[in-house]
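Labels for the chains are A, B and C, by order of writing; each one numbers its residues from 1.
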Amino acid sequence: MLIFLVRRLGTMVLTMLVVSLLLFLLLEINVASVAIKVLGPYSSDEQRQLWLEANGYLEPFYVRYFTWLGNFIVGDFGSSIRFKVPVGDILWPRLGSTGILGLATMMVVVPLSLGLGVLAGMKEGSKLDRTISVGSIVTTSVPEFASAVLLSAVFVFYLDLLPGTSSMTDGFSLVQLSLPVMVLVLYDFGYVTRMTRASMSEVMMTHYIRTAVLKGLPYKTVIMRHALRNALIAPFTVIMLQINWLLSGVIVVEFFFAYKGFGALLLEASLNQDIFLIEACAMVAVFVAVATQTLADVGYTYLNPRIRFA
Amino acid sequence: MTDAVAGLPPRESKVIKYLKGMALIRESVVGMIGLGLIVFWVVMALLADLLAPFPPNATLYPLAMPGQFVEGMGTFWLGTDHLGRDILSRIMHGSRAVLIFAPLATFCAYVVGIPMGLAAGYRRGMTDAVLSFVANVILSFPVLVLYIIIIATIGASAVNIVIAVTFASAPGIFRIVRGLVLDLRSREYVFAAETRGESPWRIMLVEILPNARGPLIVDACLRVGYVIITIGVLGFLGLGLPPPDPDWGGMINETRQMAMSFPHMTIFPCIAISSLVLGFNLLADGLREVSLRD
Amino acid sequence: MSTKQEYEGPILECRNLSISYFTRAGEIPAVVDFNLTLEQGGSVGLVGESGCGKSTVAMAIMQYMGSNGGIVGGQVIYKGRDLATCSEEELRQLRGNEISMVYQEPMASLNPSMTLGTQLMEVPLCHEEITEKEAYDRAVQILADVNLPDPERVMASYPHQISGGQQQRVVIAMALLSNPSLLLLDEPTTALDVTVEAGIVELIGEIAKKFNTSMIYISHNLGLILATCDRVNVMYSGVVVESGSVEEVFDHMRHPYTKGLFSCIPLPGTDKLAHPLVPIRGQLPLPHERPSGCYFGPRCDFFEAGRCDQAMERGTTPMHEVTGRAGHTVRCERWSEIDWESYKPEGVVAHPSERGHEVLSIDNMRKYYELTDNSIGAMISGKRVRYVKANESISFKAHECETIAIVGESGCGKSTFAKVLMGLETATDGDVMFNGKDVAELPVQNRSPEQVGSMQMVFQNPFDTLNPSHSVGAQLARVIRKFGVESDPVKIENRVMELLDLVKLPRDFARRRPRQLSGGQKQRVGIARAFAGNPAMVVADEPVSALDVSVQAAITGLLMDIQHTYRTTLLFISHDLSLVRYLADRVVVMYLGQIMEQGTTDEVFAPPYHPYTEALLSAVPIADTSIQKKRIILEGNLPSVMSPPKGCPFNTRCPRKIGDICETQVPPFAEDHPGHIIMCHIPMADLRAVDPVIVQVDKDKSAAE
C-alpha cells in the first residue's frame, strides 16, 4: 500500500513536471513573441531587447525553464500583463470563488446522481430505470451554454425570479449562485447517474447478490449491505474525475454569468495572451485534475479489498 | 470464382452485412428517435439552399420576433437577429459546419487513437508505459482548458479546431481501445494466430480490431455528440469558426448580450445544437442496448 | 432450530413442474413436466448435459426465477406447502433457513468486499433471535465442521484471500449454518481441480450423514452422482427421461439416451480398440426447436415413426413405470421392446498405432518467467524481479503416430509447456528437438512456415477458438495460405472444402460465422485449422473439456481418426484421467511444473505409482457401480508456483511422505521399467508393493459363478 502511494505520488509529480515543460515550451520558447506580448505590439525593438535582457530571457532555454520552475514552486508566478499585478494576487481569490461554485455543485450532484443511479440500477429495464436513463441522456445532451441560455430565459426573462448575472459585486450572494449551480448540475449529474446505474445494475446481476437473496436476507439488507458497497466503488472514481470536467464547465458558466472566478480568469488570460497568467492558471487547473485523479486511484484501491489486501 | 464451388449459397457483400447489422437499431425505440434527429439535421444541411427561406448572411429586417410577417419579405418563423439576418436560415446553414467538422474531427481522433491503443494493449511493456503516460498527461488537462490554450495559441479556424479536437480526444480513444485490446488479446483465436506466426500488426488489425468494433461504434456516436458541444462552446466563447458564416455556437455568442431582451435569438440555436447532440447520444444508447442483446 | 416445524413425509415434491423463460424470441420452455419426490435424509441427483434445465429446476425450487423466468405449470411443494402460494416474506424465511444452496462458482458467489465472517454471521442473525457473539461462535464451529483449518483466520478474511476449494467449503458452511432441511448443490465442484473436488465430495457425504439433510445434487458428471446420491434423475432437453435409484439407473438403464450417455464416457472397461466409445449422433435441440413426441427422437437408434413422434398431451412422451422395478420410471415408448443384448452400435473407429520415428525430444527443458514490474513508478524505484518456475527439468520423447498425454491440475505448467513448444515463449534452458532441429530458443516468428505448419494446436474453449468476426472459410483459407500449402485462390477454396470434409462438417459451413455453430462444430473447425498444414505434431490443450459428454466422444474419436490417417504425433493435454487412459499411448504426469511420473498408459495406471498419481487416480469420479477405489484425499491446497516447496514439490500434500528428506532433497528420477520414470524418494520396491487404486469387482459374474 505504501509503495503504491509513493509510486502514485511519483507519477503525479512527473506528470506535473511534463505539463509544466509543455506549457513553457508552448508559451515561452519564442523569446521575441514573449517580449511582444509583454510590452505590446507597439514597443520598439530596443525596448524589447532591454526587457529581455533585464528579465534573463537571453539565457539558454533550460536555465530559463529551471529558474521559472523554481519561482513557480515557491509561488512566484510573475506579473499579469493585463492586470499589472502579481499573478498570485488575482489568482487565489478567483480560485476561492470557483471553489465555492464547484463545492455547491458537487453537493447537489453527488447525492442526486448516486440516488437516481442506484434507483435505476436496482431493477434494470424497469419503467423507473428507463425514465431516469433517458432523462439523464437528455440533460447531458444540452451543453452548458445552451442550458444557461434556456434557464436564464425561464428564470430571468419569463419568471423574473433570479438575477441574470452573478458578478457578486456586493459580496457573496446565494441567489446569484443558484443559476450557475443549476446549469452545472444539469449538465454533470447525467453522466454520474449513468455510471452509477451501470455499476449498480452490474452488481445486481452478480452471483453474490443471488447468494445474498437466497440466504434469506431482507431485500433492504441485500441492497444496503451487499449491493451498495460494491456498486459505489466505481462511481467514486467517476465523481473524483468529474472534478476535472467541472473545471471545463466552470469556464463557460462563469463567462456566461460574469461570475468572477477562476474559469473566467483563464479565458480572459488566454484571449489576451497574458502568458504568465495562462501558465499559472493552467498549472493550477492541471494540479487540481491530477490531484483528484490520484485521490481517485488511491481511494479506489482503498475501497476495493481485492486490491487492498492483495 | 467463389461460385465455382458447388452447393454454396452466394456470398453476401460486406456492405449488405453491415447494413443488416445496423438495421437492428430498429428494435430500439430510443435509438430510432436518435437516428431520426440525426437524419433530420443531415437533410437540413444537404438541402439548406433549397429549404432556407432567406440567404443566411443577408441583412433583412432587424429584431423581428418569431413568426413575424414583414411586408415584401415574408415570414420570419424564428425571427431575425440584431443585424436583421433570418435565424431559421442561419440555423439551417449552420448545421453544415457542425455536421462536417464534428464527424471529421472525431474521425481524425480515431485515426490517431486506434493504432496507439492497439499497440499499447497488444505489446504492453514499455510501449504501453510510454503511450499511457503521454495519454495521462494530456488527459490531466481539463478539456476546455486544453482547447482554449491550443486555439488561443494557434488561432481559430476550422482546421485548427480539427487539430485541437484530435489532440484532445485521441488519448481518450487510446484508453478505450487499449482496454478492449487487453481483454481481447487473451482470446484463443489470437493465440492461434500467434502460433501460426502472424505479424503483430496483422493480429492487431485483423484478429483484434474487428472484435472491438461494437463498443467503438457506440463510443464514436457519443464522441461526435461531444465534439459538437465542443465546437459550440468554442464558438460561444468566441474561439470558433470566424464570422460571418453561420455557426451555432457563434450565433449564440453574438446575440447573448441581447438574450435578456430578445431570448429568441439565442434559444433557437441552443435548441438546434442540443437536439443534434441528443440525437447522437440516443443513437449511442440504442446501439449499446441492441448490441448487448446477443 | 427448534423454530423449524417437524414434518413427516417427503421434504420436497415437484409435481408436473413446467418452467419457461420469456425472451424477445418468445417463450422458451426450459423444463417440462418435471416430477421429483425427496424423502427426509434422501439425496437425489440431477444429471444431464448443459442447457437441459438442471439449474432452472434448482432456481424454481428456490422460487427465484429472475426477471424473465416463470413457473408455467405444476407445483413445488416443500413440507406440504405449495411454494407458489407463499408470500415474499414467507419465502425469505425459508431461503437460507430451511432451503439453502451451494453454487458452481464459489468465488463469484461470495461478496468480494465483505469479510467471510460477516457473510456467514448474517445468516443466523437474520433468521434467528441470536446475539452477535452466538452467531460468531456458530460460524466458527461450522467452519471447523467443513474441515477448514484456522476458522478464526478465515472469518476475518476476504474471499480472494483463500483458495477456490476453501471458498467452496465456506459456501457450504454458509448453507449449513441454519441447519436446513434441504440443500441444493448446483455443480459444486465443476470449477475445482480433481483432488480438491474429491475433498468436497467427501465432505458432502459426511454432511448428509451428520446433519441428516436432504440433498439435491446437480451435476453433468455421472461419476459424481454415483459418489453422492441414492436416486438419480437423468435429464435431456428439459425433461427427465429416466429416474430411479442410482443402482437401477446405472446398472439397468432403459432409456436410449441414458444408455448413450454411458457409452460416451470412458469407463475403466472401455478400450479404444475392443470397446470403443459410442458418440450420440446429432446435437441437442434448442428449447424452441424440440421435435414433437419424444425429444430424443432425432438422435435415437430405436426411433419408430408414428409412435415416437406422436404429439402428446403434455407435449412429450409420458413417463412409464418399469414393471417389477419399484421407483424406476422411463420416458420412452419402446422401453420394454428394446433388446439391449443384441444392440451393438458402431463405436468410434480406432486403430492400433504403430509408432514411427522420433518426432520430438525434450531434454531437461526449463522455463522460468521473470516477473518485472513495468510501470514507470517501479522503474524509478528500481526493478523488482521474481522468478516463476513454470517448467522445471522437463524431459521426454514423442514418436510419430503416438499419443502422449500430459496430465495435471490447474497451474501445473501444462499450458506454459505448450507455449514453449509452439514458440510463443522461448525455453530458459534445455533442448527441444523437433524433427531433428532445436526449437527451444526459436520464437515462432523465426521459424519457417513449414516448421510452423508442422506443429499446430487445438485449443480448449470452443467459444473462443474461432474469431467471431470472420467466416469459417476465411479463417481456414488464411491458415492454408500462411503455411504455404496452396496459393491459388481456387485451390485454397478446394482445400478448405477438403478440410471441412475431413472433420465431417457440411461444406456450406465455410460461409458461416462462428456464432452460428455449436460448441462441438466450432471445435471441429479448430481441428481442421490445426491440420491445415499437414502437421507432424498437434498439441491439443484440453480439446474436449468444455464440451458436453455426448459431443466429447465424437470429437475425441475424430481427433484420433485424423491423427491415425496422417500419422500425426498427438500431445494431448488434459486433466481427465479417464479420457487419458482411453486414448493415450504414453502418459506424463505433471505437478507444479515438474514431471512426477511418466511411462506407457498401462504402466502409469498400475502400481508402482508415484504418490501423486495414486491420489489423482483415486480422485477421479467413475460412473461405474462395479468399480471400487482406494480413497486418498489430499490435504491442503496446491502451493503457488511463485513459492514452490523445497525438495519434492509434492511434499506439502503427500500422504506418503517419508520424512525430512522429502523437504530438503529433490527426489531422483527412478526407473521401474525402461521408460517408466517416477520421481520420488520412496524405494521402488515399496512403491511396487501398493495395491491398484481402481479395481473392478465383477458383481454379475461373481453372483453367477
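By definition in this document, a contact is a pair of C-beta atoms (placed from the backbone, for glycine too) under 8 Å apart; a residue touches a chain by one contact, two chains touch by 3 or more.
Only a predicted model underlies this, so the values are computations on that prediction, with no experimental measurement involved.
Colleague: Write out the two chains that share the greatest number of C-beta pairs in contact.
Modeller: The chain pair sharing the largest number of C-beta contacts is A-B.
Colleague: Of the other chains, whose C-alpha centre is the longest way from the centre of chain B?
Modeller: Chain C.
Colleague: If you average the CA atoms of chain A and of chain C, how many Å lie between those two points?
Modeller: The separation of the two C-alpha centroids amounts to 52 Å.
Colleague: Distance-wise, how many Å sit between the C-alpha centres of chain B and chain C, to the nearest whole number?
Modeller: Inter-chain centre distance comes to 49 Å.
Colleague: How many Å are there between the centre of chain A and the centre of chain B, using C-alpha atoms for each centre?
Modeller: Computed value for the inter-centroid distance: 23 Å.
Colleague: Which residues of chain C are in contact with two or more other chains?
Modeller: 375-376
Colleague: Where in chain B do residues touch at least two different other chains?
Modeller: 133
Colleague: Going by the contact rule already set, what residues in chain A reach two or more other chains?
Modeller: Residues 11, 14.
Colleague: Tell me, which parts of chain A touch chain C in their complex?
Modeller: Counting only chain A, the residues touching chain C are 3, 6-8, 10-11, 14, 123-125, 206-208, 210-218, 221, 225-226, 229-230, 233, 303-306, 309-310.
Colleague: Contact residues on chain C for chain A in the complex?
Modeller: Interface residues on the chain C side: 62, 64, 67, 92-97, 100-101, 103, 105, 108-114, 122-123, 126-127, 158, 160-161, 171, 174, 375-378, 380-381.
Colleague: Help me check something: in the complex, which residues belonging to chain B touch chain C?
Modeller: Against chain C, the touching part of chain B is residues 1-2, 4-5, 7-9, 11, 27, 124-126, 128-129, 133, 187-189, 191-192, 194-199, 206-207, 210-211, 213, 293.
Colleague: Within the complex, which stretch of chain A touches chain B?
Modeller: Going by the criterion above, the answer is residues 11, 14-15, 18-19, 22-23, 26-27, 133-134, 137-138, 140-146, 149-150, 152-153, 156-157, 164, 244-245, 247-249, 251-252, 255-256, 266-267, 270-271, 273, 278, 281-282, 285-286, 289-290, 293.
Colleague: So in the complex, the part of chain C that touches chain B is made up of which residues?
Modeller: My answer: residues 24, 374-376, 379, 422-424, 444-445, 447, 449, 452-453, 456-457, 459-461, 464-470, 479, 482-483, 489-490, 493-494, 497, 507-508, 510-511, 526, 529.
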